[in-house]
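As written, the chains take the letters A, B, C and D, and residue 1 is the first residue of each chain.
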Amino acid sequence: MDLSYTPEEEEFRAGLRKWLAGVLPTLPPKPDPLDWPGRRVYDTGWQRRLYDAGYARVHWGASATLRLIFLEETERAGAPYVGANFVGLLHAGPTIAAEGTEEQRARWLEPVLRGDEVWCQGFSEPDAGSDLAALRTRAVRDGDTYVVSGAKIWTSHAEVADWCELLVRTDPDAPKHRGITWLAMPMDAPGITVRPLRTLAGSDEFAQLFLDEVRIPVGHRVGAENDGWRVTMVTLSYERGTAFVGEVVACRRVLVEIARAAHKNGTWDDPVIRHQLGALNAEFTALWRLIQWNVSESERSGGPPGVGGSVFKLRYSHARQELYDAAAAVLGPDALDLGREWTADRLSSLSYTIAAGTSQIQQNIVAERILGLPKGR
Amino acid sequence: MDLSYTPEEEEFRAGLRKWLAGVLPTLPPKPDPLDWPGRRVYDTGWQRRLYDAGYARVHWGASATLRLIFLEETERAGAPYVGANFVGLLHAGPTIAAEGTEEQRARWLEPVLRGDEVWCQGFSEPDAGSDLAALRTRAVRDGDTYVVSGAKIWTSHAEVADWCELLVRTDPDAPKHRGITWLAMPMDAPGITVRPLRTLAGSDEFAQLFLDEVRIPVGHRVGAENDGWRVTMVTLSYERGTAFVGEVVACRRVLVEIARAAHKNGTWDDPVIRHQLGALNAEFTALWRLIQWNVSESERSGGPPGVGGSVFKLRYSHARQELYDAAAAVLGPDALDLGREWTADRLSSLSYTIAAGTSQIQQNIVAERILGLPKGR
Amino acid sequence: MDFQLTDEQRALKTGVREMLARRFDATALRAAVDGGGLDRGLWRALGDAGFFALRLSEEAGGVGLGLPEAVLLFEEAGRALLPGPLIATQLAAGLVEGAAEGATVVTAPDGGLVEWLAEADVVRGDATGAEPIRSADPLTPLHRLPGGGAGGSPERALLTAAEQLGSAGRSTELAVQYAREREQFGQPIGAFQAVKHLCAQMLVRTEVARAAVHAAAVTGDPVEIAGAKLLADEAAVRCARDCLQVYGGMGFTWEAEVHLHLKRAWLRRERWPTPARGRELQAAALEEAM
Amino acid sequence: MDFQLTDEQRALKTGVREMLARRFDATALRAAVDGGGLDRGLWRALGDAGFFALRLSEEAGGVGLGLPEAVLLFEEAGRALLPGPLIATQLAAGLVEGAAEGATVVTAPDGGLVEWLAEADVVRGDATGAEPIRSADPLTPLHRLPGGGAGGSPERALLTAAEQLGSAGRSTELAVQYAREREQFGQPIGAFQAVKHLCAQMLVRTEVARAAVHAAAVTGDPVEIAGAKLLADEAAVRCARDCLQVYGGMGFTWEAEVHLHLKRAWLRRERWPTPARGRELQAAALEEAM
């Protein structure tokens, strides 16, 4: 049980802090949330600066501890969010790094790290949500090309992405987990229609993709044909690992801000509110420690984060919703004001117990894979 | 929507109140909780007074509204609990009244009402808890006698009961719900062993029954052979109906007492405690109204309470546990003192989400029978 | 004692539901969500149907019914997500000209907020200094009042509770319907215990709230009304929340009805008495019972 | 940073678990539950094994280990339901003669209660006016102190949290084991989602508490310790409660181990800081961070 960092890690942290302090004031103003091309330019520009300063490689290849420090410090300093680079850096990138050929890694990884190329994700389908493996987008082999038709949903940055990591069904007769293939789809290929999808938060953050005989070269396949499910699980367990580090740091900051707001509007004097915020302080401190525990574990095992990520996600998604419920309790009637940052954040927080595996699915995973409870008949 | 009572009902209430005020001071002192014969004498003595005063018939036959008033007023006046008469009045009695022959009704009902005979229940078995229909106690027909062997658990008042309402398996080859028969077993029959069963509350309130070739005449069967499951469901839905009326009245009184204790020890000044108690006040008021709603519904339909009883039980069992958790919050360290009445009551309250169908089973019932959701494969 | 609805009450409820299904169908709802403003034609139709004059005596041109009937009406309004300052207008019937007929739109401050201030013809109460805010509920334009909300009236609280109850019932209905139809892992999701138990708890919350709201309508007791609002607030918010969980990603879209119930339930919870205030009122009642 | 246990720590944990399995087996537990009083032989054996001298320096005849190792020890004690004023005695090692060796039994008031007062050789702190009560925990005789509990020490709070954590882990283990074996409706009850999800939440609560308690042991920070106790209290109580629900009727018997964890968890929750106090301490820390 050692929570101290090595001299090298401390040096990395100090260097990063110094660099951030110098570079952040020089950033251009943030683009409008609805300006997708502007957001791409902003996000990839930031990524390019990280690359040039040598910080891009922290996303894979580097130790999990360095990644933890990187995410902690960038969030603390108020650096731009990963944004348009999310799928490239945290989903497609790690997948290609782990499962791609030498050639594929050379082709796709560097542009992601440099902020030259943006990826989006084509996993979910309207009829395959929790049951992701039930996806029906079909890919039929035609010589050295896959011809793909179907529909995908919940795709971010689709409007400005260069690539889409796509799951398709290549063998409709195989058991559902065994007929899936992972493809990299160029977003400028003919046959792709992008339609914005409005969420309950009122944002057009996501899109639907309609694919009509899109032709994708066989060389864009990562992993073997029909082995896409296994290939994908690498990505998903990665997401459940350290992907939330920055968010937990941010939640702890928001909690302090909520306490400040409570002081200001007098609700701090109400012990019910104070206890609610106090309990959340203990909660987010513990979640931070749990992240450190998970990172240590993945450093030891050398692999991607294990199912322990499900434990974290179950608790964190709930805690995040409680955080914004507490914000609403402090705000009172102002919680109905969309002009308040926390009101919009509260609405987005609702997706946390649903996206990337509902809490119900996560509980099945924990019960069956960690605790060894039997599957139901 | 009418919550007022008819002149006849008000007259019944006034008469009962007056009678209770006169009779309660004349009752003998309460027996020691471990003195089973003494408890039987006390409980049946009270039942006999009710009978003589004309109030015994309220348990079945009378309107549900009169029963409601009866249970409300006796609880409010601090009259003795139904105690040893519980199974006779609330389980076996209603079953025999609904499903017994003319002769059986004549034989068994009057002695229950008069407090002459005490019943106990032999339903649950160690391996058939939530899955009651999986019971394995066997009854083999030998002429006009059933020969019964097996084991039963969670039997109250077994030491002093005259009769036991028993569920046995008469057809081991039939689907599990179709091979069960309801029998009235005389508790003095040879082959019955009663062994006390200590609960986590430290009381010996229950017993286990071991049955070794106990001979029961065929004439003691209520309903047809192998039809015992249906016969029993009448009893169980009865239990989920108005059986908790007195307890809800008692809970509301306890809540006021807890508030008084909070005033006394200063915890009332803590808004967290005050809000907890305030929320419970709203809760128990609503549960009382829900009882009135359920009673009205059963008056209209003319039958036993419907599945609405499951809705009530789900919420009430939880609310009762919250009530005693609130008592513990008010008591602080005194909540660890078994000398305090609420400490023991808190321990017993733990059984409420388990006994007579766990909350999990009740939720299945509500989801499948009321909401029409499909059974899982 | 017969706590069930009378035949007349049942007929009233069915009548209102059918009227709303006709006059405020899915298309009208979408239009309202997309910022159509207050539909004066619909308001007038509600007036013609006696929605606002319900509790006005027959001599005064009203329907002459009581609080229990008003509760049934507002349950249906909550269920249908009917927009507009319905409660303020009904409470103004007979007091503000045109309110009973649906010719005048009346609003009133409540809990630090004023709904539909810009569109209302008459404001009852003090809305000085009210500033427009971007309402989280797309069906209700809002102004924020400086300072907190003052006290409110039990009648308003009861009718708000009725709206919450209707909304809770609708969220339950939506979740159950979706759970029956949506298939995942080769069976309807409603066959999974996790979903089944979510739905069962939704029903329990709704039915407990119903008993509380209906009883409070009969007794008119202010403490009982405060308790009913507490339970109805919780039922509406949590049922909408759970409905969203049952819907999964599909509930997260702007097009699904689910989020409208959640946002409206949040808004109504801010009306007097808020849950914190309601618990204090209940505690005070306990104190009196000591 | 390597937050995992070192090999030495793992070995220590295993060693203690094995020692307790030998010296305090199921029969010894039953005897203790049935009111056997404090087992002085066991106490001495714990002393010989270094349980009390663990954090005493080697020069002073101790084992020379730190808070993290002490936490592992008390986790095992909590898991095994080991009776006696263990924490007070360990904290007295080096200060009270014979405590380190297990020759002296030391108790101390905490949170308005004193455990094992009649059997202790030494009382640290003021137990004036202590009155015996009928303890709800059959494994811990109790005296009640007049007035409330005063403040406590972070070290005591941390070791209490460690006991709670061990108990939470054990309740989870018991529930999972029972869920795998108990069959109802033709399959192990652990195959039903309702039971599965109860168990999953038990594990989540335990693992979050573990991260909090272990980190607090490393940093020794009083605020972090208070937060760890808050989470460990909740984990221990709710896991025992849920374990009871998984066990159903079978958990309701005196013979099942389940209730012993629940009662002990309730008792430890009353030690300083109680959850209410812990939340205030956390709120105060938030105030400082503003």
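In this section, contacts are C-beta pairs under 8 Å (C-beta built on N, C-alpha and C of every residue); 3 or more make two chains touch, one makes a residue touch a chain.
Here the structure is a predicted model, which is why all the values come from computation and not from measurement.
> Common contacts of subunit C and subunit D?
Chains in contact with subunit C as well as subunit D: A, B.
> Please state whether B-D or A-D has more C-beta contact pairs across its interface.
If we tally the C-beta pairs in contact for B-D and A-D, the bigger total goes to A-D.
> Once you find the CA centre of subunit B and the CA centre of subunit D, what distance in Å lies between them?
37
> Centre to centre, by mean C-alpha position, how many angstrom separate subunit A and subunit B?
Spacing between the chain centres: roughly 53 Å.
> In angstrom, rounded to a whole number, how far apart do the mean CA points of subunit B and subunit C lie?
About 38 Å separates the centre of subunit B from that of subunit C.
> Can you list the residues of subunit A that touch 2 or more other chains?
Residues 270-272, 275, 360, 363, 376-377 of subunit A each touch two or more of the other chains.
> Indicate the residues of subunit D shared as contacts by at least two other chains.
Counting only residues that touch two or more other chains, subunit D contributes 192-195, 197, 276.
> Does the chain-touch network form a line, ring, star, complete graph or other?
Here the contact pattern is complete, since every chain touches every other one.
> Okay, in this complex, where on subunit C does subunit B touch?
1-6, 9, 68, 176, 179-180, 186-188, 190-193, 195-197, 199-201, 203-204, 207-212, 214-215, 217-219, 224, 226-228, 230-231, 276, 278-287, 289-290
> For the complex, give me every residue of subunit A touching subunit D.
Contact set of subunit A toward subunit D: 1-6, 9, 65, 68, 255-256, 259-260, 263, 271, 274-275, 277-279, 281-283, 285-287, 289-290, 292-293, 295-297, 299-300, 308, 311, 314-315, 360, 362-364, 366-368, 370-377.
> Quick check: in the complex, which residue numbers of subunit D touch subunit B?
Result: residues 111-113, 133-138, 142, 144-145, 148-149, 183-185, 189, 192, 194-195, 241, 244-245, 248-256, 258-259, 262, 266-267, 270, 274, 276 of subunit D touch subunit B.
> Please give the residue numbers of subunit A that touch subunit C in the complex, ascending.
For subunit A paired with subunit C, touching residues are 124, 126-131, 134, 153-154, 197-200, 202, 270, 272, 328, 332-339, 343, 347, 350-351, 353-355, 358-360, 363.
> Please output the residues of subunit A touching subunit B within their complex, sorted ascending.
270-272, 275, 376-377
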